[in-house]
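Below you'll find the structures, each written out as structure tokens.
Each of the two complexes below includes subunit A, the first together with subunit B, the second together with subunit C.
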Partner chain A sequence: MESLVSKFEQFLETEDNVTLSNNSLDWLTNARKKGIAHFAKVGLPTPRDEHWKYTNVAPIKKKEFSLTNTKEHDVKAADLDVFRFKNLETIELVFINGLFCSALSSTVSDERGIVLNNLSSWLAEGHQQDLTVDAGDYVFASLNNAFMSDGAVLHVADNELLEKPVHLIFVATDTEQATMTYPRIDIRLGKNAEAKLIESYVSLGEAKNLTNVLTNIIADENSQLEHYRIQEESDAAYHLANIFIEQKKDSRVTSHSVSLGSAIARVDAKVNLSETGTENILNGLFLGKGRQHTDHHLLVHHLSPHTRSEEYFKGILDNASRGVFNGKVVVHKDAQKIEAIQSNKNLLLSPNAEVDTKPELEIYADDVKCAHGATIGRLSDTELFYLRSRGISEEKARALLTFAFADDVVNRMSLVPVREYLERKLIGQLSSSDQIDDLKDLI
Partner chain B sequence: MSTNPEEFDSIAGKEYKAGFVTDVETDTVPPGLNEDVIRLISAKKEEPEWLLEWRLKAYQHWLTLEEPTWPNVHYPPVDFQASSYYSAPKSKEDAPKSLDEVDPKLLETYEKLGIPLREHAKLAGVAVDAVFDSVSVATTFKKKLSDVGVIFGSFSDAVKNHPELVKKYLGTVVPITDNFYAALNSAVFTDGSFCYIPKGVRCPMELSTYFRINASNTGQFERTLIVADEGSHVSYLEGCTAPMRDENQLHAAVVELVALDDSEIKYSTVQNWYPGDENGVGGIYNFVTKRADCRGKNSKVSWTQVETGSAITWKYPSCILKGENSVGEFYSVALTNNYQQADTGTKMIHLGKNTRSTIISKGISAGRAQNSYRGLVKITKGAEGSRNFTQCDSLLIGDKCGAHTFPYIEVKNQSAQVEHEASTSKIDEDQLFYCRQRGISEEDAVNMIVNGFCKEVFKELPMEFAVEAQKLLAVSLEGAVG
Partner chain C sequence: MLNISNLHVKVEDKEILKGINLKVNAGEVHAIMGPNGSGKSTLSHVLSGRSGYEVTEGTVDFLDNNLLELSPEERAHLGVFLAFQYPVEIPGVNNAYMLKAALNAIRTYRGEEELDAMDFMAFVKDKVKLVQLKEDLLSRSVNEGFSGGEKKRNEIFQMAVLEPKLAILDETDSGLDIDALKIVADGVNALRSPERSMVMITHYQRLLDYIEPDFVHVLVDGKIIKSGDKKLALELEKRGYDWVREEAA
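Take a look at the complex of A and B:
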């Protein structure tokens, strides 16, 4: 990773491997240069950084990842079946090792003004629209600016509704040389527009890749977006994500983040509730096992009066895994009539697991209702006893209680097929195989 | 609640009631800090060689440190070379043996503050070790305490009379390398209180000290050390007021508490240093390191604080819960008004098995003040079956103030149970309306609501302090409601 700065010049010149070869776009060139300049200045974060106090990216720093991705792969449509949601018709865009796979994807471009395409094709069509994202202090967002190679564009025009949910599947395969990918997802909803989008990050085999993704969401007046991200990359992978959300008057964005895979997974969400009447809900569930490290950093800015935000995160940590949560709500001056609720509950399943949580409030207005809560503990002995006394084996009782703890977050999702998909995943992770069917009956 | 700017002016107009300067001759060293000043302080106090060396070591370490900038407070940089590091009332040579011998001007000062020392001592049954600037000038109830073997007096006396105890415990809770201000304090501390409760003794009275800052331009560096030996119990009160002054004064105290097996220390503070005027000019910088070490099994330390003064407060009374079954408690009310800034909270470090801690923090912010709670709850791997409950609530009065919460929770043991909850809101309009329509004035209603909000903390204070604290809150909030 350390050699990224030196790789940048070379990256700008190689056209055949980089799908965004359209370097004539000023905004893109500027974004790239600004991004690499920021990285060159600050470098990778260390635990001395307050925002990276609990997450050490040293393992990433030491590793070499290839920027040049080969288009060749042997992924077939059927291989991805396990990652699809049963009984849910979606519009699917598939990216393999960072590159768009048109054979497995479908796109939308209709007269109503709904555009769904992969980023490079969209740029190739000659769109001049500036998609610059201000990375601020987020160094991995800057890196994404510098190296963004492909991704998805979903633009919904005013008063339009995209009925089918969009499903973006980012597949990593076990390549000889570990790769790094920088997908960019650009979502813009016009006035009164409505859409649903699911991002899935999956691995085929023991992929050792690094994903550094940036999702930029701009929701205009009275629009509604339901956004999901399901991260289940291999345990050898690294996942770094930034989600930037900008909300205009009366818009409503709900974003669910489920983090199951990766050796180190870090999600940084930044929400600007810029105008009145906006509502933002961030839900999250993270499961850690082995030596996994999962980190969610949320930052919600209430910039205008009459805005509401909710953060609801749960973590289940097993073995020697570590979970980190940092939720910060900032209520700016004169942003009155605010409601902000923050909750982070964690379950420790093993004596070696660890949780570090920091729910923060920074409030510069007075007419607010803000509350936060955090708990950390293990399964309740009384609840276990209750189940045991009814003849349920200890292992099953534990699995059941853990499942119930996690399902609470899953049940906050509106798409039932996604819920079912995740519930199946959870059961698979929480109990030994012979009990899965049993448990399913209980549900 | 409507916020009327004119009403705000009326609080602003409130004079600081404890603001005056007593004209007593003081013996002050020239401003500046270097090894010679430290040698001078040490020589003036006739300290043993080991203590001087300790001070110099701390000074050398301090030179390598940088002033911390992470607290959520803002102030112009402090020039450490501009203030004088030693000041003692002149009458030190013929130190008074009883209250009658005390400089009547000093006693007058206390009268003005509404703390008649004699009466206070007699009526309340409190032994007062009054620290006027840096040297202790009056000590009462010494006999009653010495009968049961309690050692309570000024720090310099303790260095002279009980060097072995001081040497054994000094710097073991807050080492000289701990932080910038602790290192500075270790190098230049002038006096403070020392208290030792022998084995199995329950201290017969509440111990208290009144700290005052008087001579202009002297940073005050107090050092307090309290040791509770096995099975003992002590309740210690600390209260502060300071005269009005324009320049900011630095106050960097260190308080160390050591609790051995089965002992209990209750440490209560009412802090009312000069907060600066309505424009945020002047006021005390209160950068304090307070820490308790629950070394022994079943030991207990309880911190209770009511913070209403100081321009800037930067203070985290902490507990290191080392002994099995030890208990740490933190009850705090922090009120900030006008341009005051407070960044306060606690640290609970759970090391031993079945250790328990409770944190109740109530922040009240009015005017243009900024009030932050910053806390750490750390459950280490060995802290089997430990338990923490944290609640921090903030109340906002007026639309220009801020209230912030930065809780750090680190858990490395699954058998631990940690709960944290916090809320921030303004005074409930329904409650206010209820009181108003029953003929209670808005100001009284707000006082009532604020007192109710802080009740959980006040009930932890010793009786006479609780009354004082309620009054203090009412005075500090005067006119803050529009």
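Take a look at the complex of A and C:
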């Protein structure tokens, strides 16, 4: 990763699908240059950096990842069945090692003003719209600006509703040389518009890739978005994500983040509740096993009165894994009558697992309602004993209680097929195979 | 069925039970009474296999098994059931599924076929009526948000479903008003059978008005100092525990 700056010049010269053909759009070239300049100045974060105190990206720094992706792969539609949701019809866009796979995807462009396309095709159609994202201090967002490659565009016009949920599947395969991809997802909902979008990050085989994705969401007046991200990349992968959300008057955005995979996974969500009446819910679950490291950093700005935010995250850490949660809510001056709720509960399943949690509040208004709390605990001995005294084996009792702890987050999702998908995943992760059938009765 | 012999138990280096001897035959109902801190709850916990108790001396034989060597679930499989003094709330774990998992674990041990969801619901339907438990409580999380009376009724309901050979009722009357107590007692009485033994641990004689024991034992300071029939309970109610203590001294 240290050679990224030198790679950039070459990247800028190349015209292919990865570089979005580097079409001569000023906003894109500027974004790229500004992004690499920021990175050249600050470099990769180190634990000396306050926001990276508990997450050391040194393993990423040492590794070399290739930007040049080959279009060749042997992924078939059926290979992705395990990542689809039963009984849910979605509009699916598939990306394999960063490249859009049109054969496995469908797009939407209708007279109602709903556009769903992959970014590179959308740009090739000649759209001039400026999709610049201000990365601020987020250095991986700057890198995404610099190396922005294919991803998805979902634009829903005023008063329109996209009934079917969109499912973006980013697939990494076990390539000879580890690849890095910089997908960009751009979601804009017009006034009173509604949509649902699910991002899945998956691996076929022991992929050793790096994903650095940026999702930019702009929700206009009274619009509603339900957003999901399910990250289940291989344990050898690295996953970095930025979610930027800008909410206008009376809009409601719910974003669920489930982090199951990767050696190191870091998700940064930044939310601006810019106008009154907005509501934002960030709901999340992270599971760690082995030596996995998973980190969520949330930053919610209440910029206007009568805004509401909720952060509800749970972590389950086993073996020698480590979890990090930092939820910060800033209530700006004059943002009166706001409500902010933060909760992070963690379950440690092993004496070597660790979690660092920090809900933070910064309040510059005086008429606000804020609640925050964080807990770290182990499975309750009394609950375990109660179940065992009824005849349930210790192993199954543990799996039951752990599942119940996690399911609370899953139950806050409105798409039932997504819930069922995740519940099956959880059961698979939490119990040995002979218990799975029994536990399936639970859902 | 159950034979407790010279049982000594320590909790964090403090001796709580100091040589308990108790024999319970099939079909018998024994009441163990005693003042606070006498070791009543310790006895029920040790019998059901809760951790945190160190047995320093003595044996507990249950149907020719060394009970103290077994895990709580193994004891449950053999037919030991503890009705908790404070039933545990388990958010997120569905009452019916917990019980179905428990019943099937026990049935598997007995060499019987597991029940599927349909058969299970049919099986529990009558048992629910036994303690007048509202059926919607079945689909709720275990004991979560149940009233005190509902929790105790749920314990007896579980007992009815799991059909134990030895039921230990730990302060089952505590926190119940008289109507709830009657319902619980009716449930317990309906479950009395020549094959099923019960050990009732209680503070008050009141419960014994509704569930008549065959034997009453007085547990004071970690020892059973007097045994008798139900008349003993009435006498304890009238005269307290001091006279028994003096008599034993």
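Basically, the second predicted complex is superposed on the first by the 437 of 443 C-alpha atoms of A that agree within 3 Å, B and C clash if a C-alpha of one lies under 4 Å from a C-alpha of the other, contacts with A are read in each partner's own complex, and residues count from 1 in each chain.
We adopt the following convention: contacts are C-beta pairs under 8 Å (C-beta built on N, C-alpha and C of every residue); 3 or more make two chains touch, one makes a residue touch a chain.
All values derive from a computational prediction rather than experimental measurement.
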item: Simultaneous placement of subunit C and subunit B on subunit A, clash or fit; value: fit
item: Touching partner for A:T375 - first (subunit B), second (subunit C), both, neither; value: first
item: Dominant contact partner of subunit A by residue count, subunit C or subunit B; value: B
item: Which of subunit B and subunit C A:K71 touches, first, second, both or neither; value: neither
item: Angle at the Cα centre of subunit A, taken between the Cα centres of subunit B and subunit C once the superposition is applied, in steps of 10 degrees; value: 70
item: Partner chain in contact with A:K61 - subunit B first, subunit C second, else both or neither; value: neither
item: Partner chain in contact with A:G391 - subunit B first, subunit C second, else both or neither; value: second
item: Contacts of A:D334 with subunit B and subunit C, given as first, second, both or neither; value: first
item: Touched partner set for A:A353, first subunit B, second subunit C, both or neither; value: first
item: Contacts of A:D367 with subunit B and subunit C, given as first, second, both or neither; value: first
item: Subunit B versus subunit C - smallest C-alpha distance in the overlay, whole Å; value: 14
item: Touching both subunit C and subunit B, counted on subunit A across the two superposed complexes; value: none
item: In the complex, subunit A residues that touch subunit C; value: 380-383, 385-394, 396, 400-401, 403-405, 407-408, 438, 441-442
item: Touching residues on subunit C, where the partner in the complex is subunit A; value: 48-51, 71-73, 75-77, 81-82, 84, 87-88, 90-94, 97-106, 109, 117, 141-142, 158, 162
item: Parts of subunit A lying in touch with subunit B, wherever the complex brings them together; value: 50, 54, 333-334, 336, 346, 348-351, 353-378
item: Sites on subunit B touched by subunit A in the complex; value: 3, 70, 379, 381, 394, 396-426
